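Both complexes shown next keep subunit A, but they swap its partner, so subunit B is in the first and subunit C is in the second.
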Partner chain A sequence: MNRRLTAEIWKHRKAYAAISPFFIVFAIFGLFPIAFSMYLSFQKWDGIGDMTFNGLNNYRFMLGDPEFWHAVTNTLLIWVYSTIPMLFLALVLAFLLNASFVKCRTFFRIGYFLPNVTSLVAVAIVFSTLFSSNYGLLNYALNLFGLQSVEFLQRTWGIQFAISLMIVWRWVGYNAIIYLAGLQSIPAVLYEAARMDGATGAQAFFRITVPILRPIILFTVITSTIGGMQIFTEPQVLVGNDGGPGGGGLTIVLYLYREAFINNYFGYGAAVGWGMFVLIALFSLVNWRLVKGSSN
Partner chain B sequence: MTTRATFSAMLAAMLIAAIMLTGCSPQAAAEKKTTLTIWYWNRGLDDKLIEAARTRFPNVRIVAQKVGGDFKSKLKTTLAAGSGGPDIVAFNDWVTEMFPNADRFYDLYKLGAHDIEKDYLPWKWQLGVTPQGRMVALPIDTGPTALFYRADLFEQAGLPSDPEEVHKLMGTWDAYLAAGKKLQDALGDGVKLTDNIGTIYTQVNAQSENIYFDKADAFIGKDPSSSMKRAWDLAVKASGMGLLANANGGTPEWSAAMNTGKIASFVGAVWNKEILRQAAPDTAGKWRVARAPGGDGNNGGSFLAIMGTSKHPNEAFRLIEWLQNPENQVKSFADVNLFPSAKTALDAPALRKKEDFFGGQATGEIFTASALHVKPSYFGPRYVNVNGIANRQLQSVSTQGKDPDQAWRDTLARIDKELLR
Partner chain C sequence: MATSKWKTVALHAVLIAGFLLSIFPFYWLTVMATRKTGEIYGYPPKLGFGTQLLDNIQRVVSTIDFFGAFANSLFVSGSVALLVLFFDSLAGVTFAKYEFPGKKWLFVLLLATMMAPAQLSLVPSFVIMAKFGWVGSFKALIIPGMVNAFGIFWIRQYAEESIPTELIEAGRIDGCGFFRIYWSLMLPILRPALSFLGAFTFIGVWNDYLWPLIILNNERKFTLQVALSSLNGIYVTDYAMVIAGTLLAVLPLVILFLFVSRQFISDIAAGAVKS
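So, the complex of A and B:
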């Protein structure tokens, strides 16, 4: 049966050769690591010596480890604290950037996008000095108003707040630009008609802009979910490998990193990676249902 | 040319290149010269000394590669790959994590290390030897510990400020904490005795012969011979007395606290001199160093090993032996502050230099005395895992107000679980 198929492939061999680089590179750097991490998650391996088959023990340890669940909770909390205000803010910003009364729009567009291309480590260091207990700018401002200093980076909520703020600061412009592209595709006649019917600006925003932007909002929610579940550099630079005092900044990836690269359980690290995969898939599904379902 | 011809030509060119690359293996190009590749990190070895080694060993081509970023992970990746690594590699104090895979490195005893053993500090030498007696790594530098303190603040608080008197009064940890109480009572809440709970815990353990594991890798933390509980109790006591600034090392917070005089002292290794000098320039001249409360200890320090995949172990050994001989260790100290591990190097005048940052004190005298009295200790391949657990719980005690007894029980329970993995 495959005779014809082989002949067909041979006929188009140049086309296949032309597209092959991507697939070859993907197979080496994408597919193989994924398959290998699946294999690794059933092994016990210190990263150097021989691997020994470990059955489901890695997964069992993961599900029974309170620190893993702590990391999951932290990640979800940080995701909620960052994504919801960020996307809302991005939408409002995009709406304003699109408005005709704003001058120097290109300047603002670039300005809001700029944080996205800033080095993450540098940002985390700047934030750590902002939130520093004794010498931070934030506490300086609090003291100016006669308020007591807050040890932000030693409290669970403080650490999570700082990380969320970092995410919002970095990604709000990126999402605003995506929304802006969506806004520009909405025909102006819709707004004109609404205005003639006596709709206020807020009504136009919630009744026209938001419904039409729904697929774009879905896109940003899913990308933010995938990104939010993989937060690593922010907490690592801000509060270290343990996620700070009390472990408020211990995210899933930071936990994975610690267990694999600090504690030398590489098989276990792979299992945590797959746990995270399940979590992200579940979340994307829920998001998709939520955002898609309410449009009907 | 048709496309097919171009394609064949390209293929042919690639084939030829491949043949040439494999054909040109070392024999052809360097029949007389042996190539030795060294992996180390910036300032892990003295670059001037490596330059000198090139003239000292004319028949060896030395390829010195500074590996940046996560050095240990890169080394592990290479070991996992099983080929293509360097001949010589630097280790940090995580040498102990390599013991389960000691067979991946040459046993330096078999290459002639016995002959030079007498030149080195025995406790440091032993850190590179497995309990089975296989020598994995040769000492580079050491990190003897001592008490760094602000002489001016001690004086203001009515405490002695001369290093010898400081040590006389604060010879034990309890006396040190009591003096801290006195200091804070006199100077008010703006000054704390020391930086954080982990410092006390780590440094008490660093002075001990038995920490977490015996040489059979059995956990001894519950045993009275282990320093773990004593270190824990002292750390908790310091926290309860309010003597900690809760500033963790390596953070901007720590540097700022040092520079503004919020922290009056800390026990640390010799390499903290450089860190302190950079973090707290405004306090230059006010610091002094005294022998640490509780005894002398060691923190960190690095090693050199020869990878099992090296084809020239004898040449490699001759090179590292030369790089780390007493005379060259003195040079490395002068150039990049690597504190010697060779006994005779400790007597060199270069170590007795007076330092302005420490008010003209020759702190080398203190650190040398400390280095000579460190007790031999065994860390075990799982030191970092267990130490991480204890430190996390201690952080919760000092910053989250967790009940210390509960934290101790949680620590032991977690360690039990960890050791079953």
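So, the complex of A and C:
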């Protein structure tokens, strides 16, 4: 039996060779670092000298550090400020684009998707000029309406608003395109039948469209949860390594980056990585439950 | 009939407003790149194009090694994209078209690896690169990204639908080996799937920031994103130059995207709906 299996494997050695690069690369650069980060998180290490065993101290320090909790709160707030309007707008946009009488649909799709392929560093630089206190276009617009200028990038909420707006701008089109594909997969007969039975447009939307789109909505919620928990480039380029005045832009990954690579607390950085992992897992689970549960 | 005409107009008005918001930052970037620093910092802001574009670009090119950073980004993104195309398609067609013991399990394992959060291993990955002596080297940017689960999944889906099994038989009868069948018979069929995967990978690597920021410690090796961010941090007094550099960094990708956009967008959607 064993010999036959060996012979069978040997016979297909070329197939195994063809798929092996992925598994080798993942073992070295994916799996091993995860195991290693568990080990590192129990060590005290500056990256150069000797490692010393530190027990649970890294985790204890993390849970007791107000800066860490500040970063967690900021990340969650930015997630809420960005994801809810983003997915809502995307759904509306997809619905509008799906209307049978829309002209130049491709043209619109390209325009809406364009932000998504733009580099985040560039986006953050452009947005920093839009939100600037003295010469920013946004304050100019406020003044035109007779309102006072706001020092957006000097305030916690202003920084979070700017970051959220960047995320919304970059991802509405992407999510709309995905919803649109889902909408287009719904056979028109279903709507015909609903109309014959006397259903209103709103009824058709909530009874046909939303249930069919639910798995796709779930997908976008989960991907934006995972993405939103890992926000880094927007705040780092916009307000720097400390998250700006008041620290409103200090996200978890920015905190991790600062502790590990600026302050050289490598062991601690690994522990923060695990903290973030637990947070992503919990938060994804909650969101999954919410989207799934609302169907029953 | 009158209401439906109103509806059409209102709908298009909303779509056009959204479209303008979507492309406005690009317009604003271009406007600022054509102005002097004093005009950018001026109030009220000037909303139209200026005349300083070439001047600004000239200063970008003479202040930092812009073309060097551009070439670095091109090299890294291009290498990763080519390697991904090769290794992902090879593995993808193998999963799609061949039977071998443990295939199902290996594919489930492959899908499971997509769940591993990248940022968790930021610190240990850096330590590993330091042990390999790859800190500051492009190897640290290229090798870990040279093959990925998403692309294998993508190619497998496409190959299952588009490559007829008789093709493999015919190839065997003609004396083609495993690799020959892949290279000469299957790759041409996969072309549409490959062009999406290539563009997707290239754009992703081109825009990467955190990992290159950690790995690259020598200005001569900076990719465009890292160079741009350091330019932004240093030259506050010559902001027009920073903006012109930003424009130059964004432009190639916008052009690349416009070329592939139609297929690219529907493939993105298809990928999401499938998974």
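Rule of thumb we're sticking to: the second predicted complex is superposed on the first by the 280 of 296 C-alpha atoms of A that agree within 3 Å, B and C clash if a C-alpha of one lies under 4 Å from a C-alpha of the other, contacts with A are read in each partner's own complex, and residues count from 1 in each chain.
Heads up, the rule we're going with is that a contact is a pair of C-beta atoms (placed from the backbone, for glycine too) under 8 Å apart; a residue touches a chain by one contact, two chains touch by 3 or more.
Remember, it's a predicted structure, so these values are computed and weren't measured experimentally.
Of the two partner chains, neither subunit B nor subunit C is touched by A:L213.
Residue contacts after overlaying the shared chain place A:I262 against subunit B, while subunit C stays out of touching range.
When the two structures are aligned on the shared chain, A:V221 is found in touch with neither subunit B nor subunit C. Contacts of A:G247 after superposition: subunit B is touched, whereas subunit C is not reached. Within the superposed three-chain model, A:A162 lies out of touch with both subunit B and subunit C [touch as defined at top].
Using the contact criterion defined above for the overlaid structures, shared-chain residue A:I231 touches neither subunit B nor subunit C, since it reaches no partner. Once the two structures are overlaid, the count of subunit A residues touched is higher for C than for its counterpart among subunit B and subunit C. Judged by the touch definition given at the top, the superposed model places A:M86 against neither subunit B nor subunit C. Residue contacts after overlaying the shared chain place A:S133 against subunit B, while subunit C stays out of touching range.
Contacts of A:L180 after superposition: subunit C is touched, whereas subunit B is not reached.
Subunit A residues in contact with subunit B (one complex) as well as with subunit C (other complex) are 14, 47, 125, 129, 134-135, 261. Contact residues of subunit C toward subunit A in the complex are 8, 11-12, 14-15, 18-19, 21-23, 25-26, 28-29, 32, 40-45, 87-88, 90-91, 93-95, 98-101, 106, 109-110, 113, 116-128, 130, 143-144, 146-149, 152, 177-179, 182, 203, 206-207, 209-210, 214, 224-225, 228-229, 232, 242-243, 246, 249-250, 253-254, 257-258, 261-262, 265-266, 268-270, 272-273, 275.
Within the complex formed with subunit B, the subunit A residues making contact are 14, 46-49, 61, 125, 128-129, 132-135, 151, 153-154, 156, 240, 242, 245-247, 258, 261-265, 268.
Subunit A makes touch with subunit C in their complex at residues 5, 8-9, 12, 14-16, 18-19, 21-23, 25-26, 28-34, 36-37, 40, 47, 93, 96-97, 99, 101-103, 106, 108-115, 117-123, 125-127, 129-130, 134-137, 140, 169, 172-174, 177-178, 180-182, 185, 216, 219-220, 226, 230, 232-233, 236-237, 253, 256-257, 260-261, 266, 269-270, 273-274, 276-277, 280.
The residues of subunit B lying in touch with subunit A in their complex are 3, 70, 72-73, 76, 79-80, 97-98, 100-101, 104, 246-248, 251-253, 256-257, 260, 262, 384-385, 388, 391-392, 395-396, 398-400, 421.
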